[in-house]
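Pasting the structures here.
In the two complexes below, chain A is the common chain; its partner is chain B in one and chain C in the other.
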Partner chain A sequence: QGAEKIMTTIYTIYVYNREGTCLFLRKYNGDSKQNPKEIEIEKKNMFGTLFTLKTFVNAITPKTMDEWEKEPISYFQTSQYQLHYLETASGLRFAVSTPPDAPNMGRVLNRLYKLYVDYVVRNPCYTLGSEIVLPGFVQRVETYVKELRNK
Partner chain B sequence: YGALVTTMIKDFQDVKIVNQELEKMGFNIGLRLIDEFLAKAGITQCRNLKETAHYIAKVGFKMFLGINAEVSWSTDSRQFSVEFKNNPLIEFVELPERFKDLEYSNLLCGVIRGALHSVNMIVTTALKRSELRGDPLSEIQVTLKEIAAEKVTAEDD
Partner chain C sequence: TFHGSGFGKGLNASRMPIYTLFIVNKAGGLIYHKNFSTKARSINANECLYMASVFHGLFLNASSLSPLKSYPGAPPQGIESILTENFKLECLRTLTGVKFFITANPDADYLEELLNDIYVIYSDYVLKDPFYVVEMPIRLQKFDQKISAQIYDTSHRADSKSPSMRKH
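The block that comes next holds the complex of A and B.
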């Protein structure tokens, strides 16, 4: 495993659970202030997009899949951004948007998953399926995002 | 764990109810434990039941209980057993005769059921053999009932 440091700006991080509830949405590019209604719409749109994309990708894959197999999505790209994606076997969905020239974000997504396990799942005060407001998680993610931008 | 079970027996007075409550507790633990398991073991997908059984026995039991477990298959391909010795939960525990129907390790059955539920596998589990009751090893039988279809319950626009 390379000790190569990943360096990238992160625009937004999204976390959804299996049922489609948005557990976490945080923007890190500072300036764009959205009103709560816009944020709610974005939460739904992002999940809808990810869900539909997965259904679509699995429908047109040239490979013959078994009953249990699913084609995982790594990322999709536009001229303005890349949207990186990790779906766990437990249905948790992590999505991170970055500039279009970002490196492979697999390790970042896995790190976010591990942070989720350590600071959300293991916290007895957290109810599964509810919005994550735990300062432990929020701050560590913020620190990690800063780390990725500066190193 | 022993203190917890003892308190539950005092509270519920009925061993059958204690068994059920232990299983339920285990289920709720399983719902959380699955993510720690998947994240630490780096597992992205469960491709089939054989793989799943292997992960539970060889990776899960090692990771969370520190013991090695074996998988044995029944003639029904939807049913397998996890067999293990040196269950840390029962260390220093003795089961009095009047509690012979207590399924002391039923928590583990619930954990397996909860964890598999989170990956869309609906199973039933049962503690078939127990070292605590004099068997040479402990055995948890897992039966696959169905693979839940993916459903989304978020509100539509």
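The block that comes next holds the complex of A and C.
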């Protein structure tokens, strides 16, 4: 598999655990001023949408999924953005919004998951289920987003 | 029931790449639903109604979560497509709020065009029917026939374009 460079702008990254707590939410498309209440609403809205999407897909899919099979949803798209999705076996959910013409983001999502495992889970100071403020993770994600934009 | 004879010898119901068509009215109520493939999940009528409304809600949610600001009074920029490993869903929202969405094989790339064709058939055979009440469930035989013909025609054309599909 050739390592082609992915180049894309990223709007927002969301990370949720299986209970629905938003562990991480960062916007990378300029500073649209949002007050904390709006951000809380957005966090809940996004989780609700992802959850409903999963229910809907499971009901309508032509093939019945067994519980241990990999989560099949890749992304959904509107005329304004694409929302790429990765759900791990432990119920961790990563969602990344990009412009509608983005390439396949599977590798990006996997990279984010790897960063999460290396710099969040393995950090002894981090309590699972709490909001991620660890500078190691936050910086590396920001660097990665910049890298994707400029390559 | 499927129109078997005369519609592409190689393309029977089990190889149809297009699975199901749903039409949802402005309020989110299901007004039409048809399976074209035996692969399509057979959902009972109630579940179908429920799922159509769920999609309607999802559609609006996706619109409100947009990272870009939309100007007030703009039509909701909701879900256009969903891609999963097992199917692809494509949705057309008309200016009047009616939503046509269709599930198909993940590598079907002709769905947008197909939905536009379906919209034309809807305008001709449903809206122009003097006995049809808008937003109500569609029970018109002529519409049924035209839709089936359109679906079979499109998937037959798609099938003949890619010879690899014949190997199934």
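Everything that follows uses one rule, which is that the second predicted complex is superposed on the first by the 143 of 151 C-alpha atoms of A that agree within 3 Å, B and C clash if a C-alpha of one lies under 4 Å from a C-alpha of the other, contacts with A are read in each partner's own complex, and residues count from 1 in each chain.
One rule holds in what follows: contacts are C-beta pairs under 8 Å (C-beta built on N, C-alpha and C of every residue); 3 or more make two chains touch, one makes a residue touch a chain.
Here the structure is a predicted model, which is why all the values come from computation and not from measurement.
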Side-by-side fit of chain B and chain C on chain A, or clash: fit
Partner chain(s) touched by A:A59 [first = chain B, second = chain C, both, neither]: second
Touched partner set for A:T21, first chain B, second chain C, both or neither: first
Partner chain(s) touched by A:P72 [first = chain B, second = chain C, both, neither]: both
After the two structures are overlaid on chain A, angle v-u-w for chain B, chain A, chain C in degrees (C-alpha centres, nearest 10): 110
Touched chain A residues, chain B compared with chain C: C
First (chain B), second (chain C), both or neither touched by A:Y11: second
Which of chain B and chain C A:F47 touches, first, second, both or neither: first
Touched partner set for A:Y113, first chain B, second chain C, both or neither: first
Smallest distance from any CA atom of chain C to any CA atom of chain B, in Å, after fitting: 13
Chain A positions touched by chain B in one structure and by chain C in the second: 70, 72
Complex interface listing, chain A residues touching chain B: 18-21, 44, 47, 51, 66-70, 72, 88-92, 110, 113-114, 116-117, 121-122, 128
List of chain C residues in touch with chain A within their complex: 19-20, 37, 39-41, 43, 47, 51, 54-55, 57-58, 61-70, 77-87, 89, 103
Of chain B, residues touching chain A in the complex: 31-32, 34-36, 38-40, 42-48, 118-120, 147, 150-155, 157
In the complex, chain A residues that touch chain C: 11-12, 27, 29, 32, 42, 45-46, 48-49, 52-53, 55-57, 59-65, 70, 72-81, 83, 97
